[in-house]
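One structure coming up, written as structure tokens, with questions to follow.
In order of appearance the chains are A, B and C, and numbering begins at 1 in each one.
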Amino acid sequence: MALSPDAHAVDGSTTSLAGPAPDARPAGFQVALSNFEGPFDLLLSLIGKHELDITEISLSRVTNEFIAYLSRVDSALELDQASEFLVVAATLLDLKVAGLLPQGELVDAEDVALLEARDLLFARLLQYRAFKEASAWFAGHLDAEAKRHTRSVRLEEKFRARTPELVWTLTLDDFAALATLALTPREIPVVGLDHLHAPLVSIREQAAHVVAMLRSGESMTFRQLIAGADQKGVVVARFLAVLELYRHAALSFEQLEPLGELTLRWSAENWSEDNLANLGADYDN
Amino acid sequence: MTIDTDTLPETDAAPRDATDETPATPVELERAIEAILMIADEPQSLVSLATALRRPVKAVHEAVNRLVSDYDGVDGGVQRGFELREVGGGWRIFVRAAYDDVVADFVTAENPSRLSQAALETLAVIAYKQPITRSSVAAIRAVNVDSVVRTLAGRGLITELFTDSETGAINYGTTPLMLQQLGINSLDELPPISPLLADGSEGFDSDFR
Amino acid sequence: MTIDTDTLPETDAAPRDATDETPATPVELERAIEAILMIADEPQSLVSLATALRRPVKAVHEAVNRLVSDYDGVDGGVQRGFELREVGGGWRIFVRAAYDDVVADFVTAENPSRLSQAALETLAVIAYKQPITRSSVAAIRAVNVDSVVRTLAGRGLITELFTDSETGAINYGTTPLMLQQLGINSLDELPPISPLLADGSEGFDSDFR
């Protein structure tokens, strides 16, 4: 998927929305991780800091800072949050590589895939930024309307007296059952294992594979973990599975230097197969 | 909506740069009074209106009288579907009697004789979790319950118990009428439900700043 | 001065017959509408007004438009301290904005806390892309949105629309209450977002699986 030239016009048109442009935030790069709502937020901030056109290829500077930023993240909490950023970091790394490629000399499918990844990230960033700017309009209107006052007064007694008498049919037990129903926590339902249309590569299955390989206690490098995986999709899904398991504190990983070998170690204390059931649900649709 | 007249200053002792806010002309005074009366739930005394508007009681009284004539269409103007009447020492906007039937039909249509499922569930939550605020009920039910709570209060099944002094949030509880509908004498007679049922509000407000 | 409405001749003499009750002239229709708006605590759609008044929607619509002009003082009349606004699919009496400060002392509103930036952005995504699943929102925002979605649902700003029969995923959309709280009447009044999205917004979701 490629962006049309129209995408370049986006910067000009964004000023039409009320509210400050989010990427113009002066706080810049040094603010704490918790001030960002997510990886895209951070990326936009970086791009804004350098006043880069979001559609320019020169993202390598941003990439460097992004990675440098991640390396400074040290508290466990921040690291936890940073796991979500790894997806973006990986894409940015790809972009950096793509940026170094000689223009117009795309020879193999891998190069094309990198450029597609770049376009995809750009497109998603544009979309994210659009909603972020729209949210300023929402905030403004919600605030303005909250100050307005509507007539909402107690019904005059003469009208209240004329409302039809209440017909009550619930028994005491019905009522208790209703309370139980209403008070049962409304779990946000997750996509279970039983749905019919599984993704082409299931992150859940790959997670099961990762669990099986690591659970014995031996540490293992990611390279070893994907040995024998011949499809790109499987490698990606297995990497996402590792991220998901990391989010569930089921494994820890160690990387001694940037781009160095990634060593994984099983760290879950209480792991049951049930934990697998919900894994990767974020990636289902 | 409740009017908190107690907090209004009794006198003009606290003139906070009144010049900008205070209605300058008699006409504007009438407009300001009708604005207040539009949202006031309780009848408003001339004194409380005068205090809020920082105008003499006499001027407010004259303005109120002009408003009564205005809404009654005395000077050849339109006779409104509402009127301004003095009850219990205060002024309040009421539906004009000529339109009582139209309004009564509307009220009847808005208040069916059976409670909706949403209203029943909200009532059950309040019965078991009282005292409880609207926002806590909303958190448990994951829907806005404002209008349902109004319905239940209008039906006399729940009532405002007290207002949280810190947050200003109103806490609701059930009434003797509700016990009567259920055929019990006290809340102790409600069948026990699992104490493990979470109140659902945990982690909910964390998304607000 | 207290009026005992029960003794007024207009009401008790009227036989409960549709033809007699129905406002006969356009002017009376406006008066009947304003009478209903005095007791309504939610925006009233033209259809519900027309149903209550047993008059054609078109006639009600015209009457409402005349009322708006009337309260606004368009034809040289008085500009009232209140106004009639269409929000969230219905008509409702508001204090005119110029008098919001004057009435503030009379309202003890339970102001809900402001939505976080995350909640605002999620609301924007849902408003523009509805019906949409949580995972699709999460894909656009690149963060988990579960608790934010719960918050928005608890505020009554979004609601579950339907469950996908194949995947079981819940699709969310916005509510009339959201329109009300934004002060708009329909989703069409949201600012256009397509210029911001540029090309390529299609097919994101499939690419992100």
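The definition used in the following text is that a contact is a pair of C-beta atoms (placed from the backbone, for glycine too) under 8 Å apart; a residue touches a chain by one contact, two chains touch by 3 or more.
These numbers come from a predicted model, not from an experiment.
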- Task: Find the chain most remote from chain C, comparing centres computed as mean CA coordinates.
- Result: A
- Item | Chain closest to the middle [Cα centroid of all protein chains] | C
- Query: At what distance in angstrom does the C-alpha mean of chain B lie from that of chain A?
  - Reply: 43
- Message: What's the distance between the Cα centroids of chain A and chain C, rounded to whole Å?
- Response: 32
- Between chain B and chain C, what is the separation of their C-alpha centroids in Å? 19
- Task: Name the residues of chain B that each touch 2 or more other chains.
- Result: 1, 38-40, 94-95, 100, 103, 107, 141-142
- Query: Among the residues of chain A, which ones contact at least 2 other chains?
  - Reply: 149-153, 155-156, 158-159
- Sort out for me which residues of chain B touch chain C in the complex. 1-4, 7-8, 21, 23, 27, 30-36, 38-40, 44, 52-53, 70, 78-83, 85-87, 93-103, 105-107, 109, 134-135, 138-139, 141-147, 150, 168-170, 203-209
- Query: Inside the complex, what are the residues of chain A that reach chain C?
  - Reply: 1-4, 6-7, 9-10, 13-14, 16-17, 37-40, 84, 87-88, 119-120, 123-124, 126-135, 137-139, 141-153, 155-156, 158-159, 188-189, 191-192, 195-197, 199-200, 281-285
- Item | Interface residues, chain A side, partner chain B - complex | 149-156, 158-160, 162-170, 172-173, 175-176, 178-186
- Within the complex, chain A is touched by chain C residues 5-6, 37-41, 82, 87, 92-95, 97, 100, 103-104, 107, 109, 111-112, 114-115, 117-118, 120-121, 123-125, 127-128, 133-136, 138, 140-144, 146, 149-150, 166-170, 180-184, 190-191, 193, 195-201, 203-205, 207-209
- Please give the residue numbers of chain C that touch chain B in the complex, ascending. 1-3, 5, 8, 10-11, 14, 16, 21, 23, 27, 30-36, 38-42, 51-53, 70, 78-82, 93, 95-96, 99, 101-103, 105-110, 112-116, 118-119, 147-148, 150-151, 153-157, 159, 175, 177
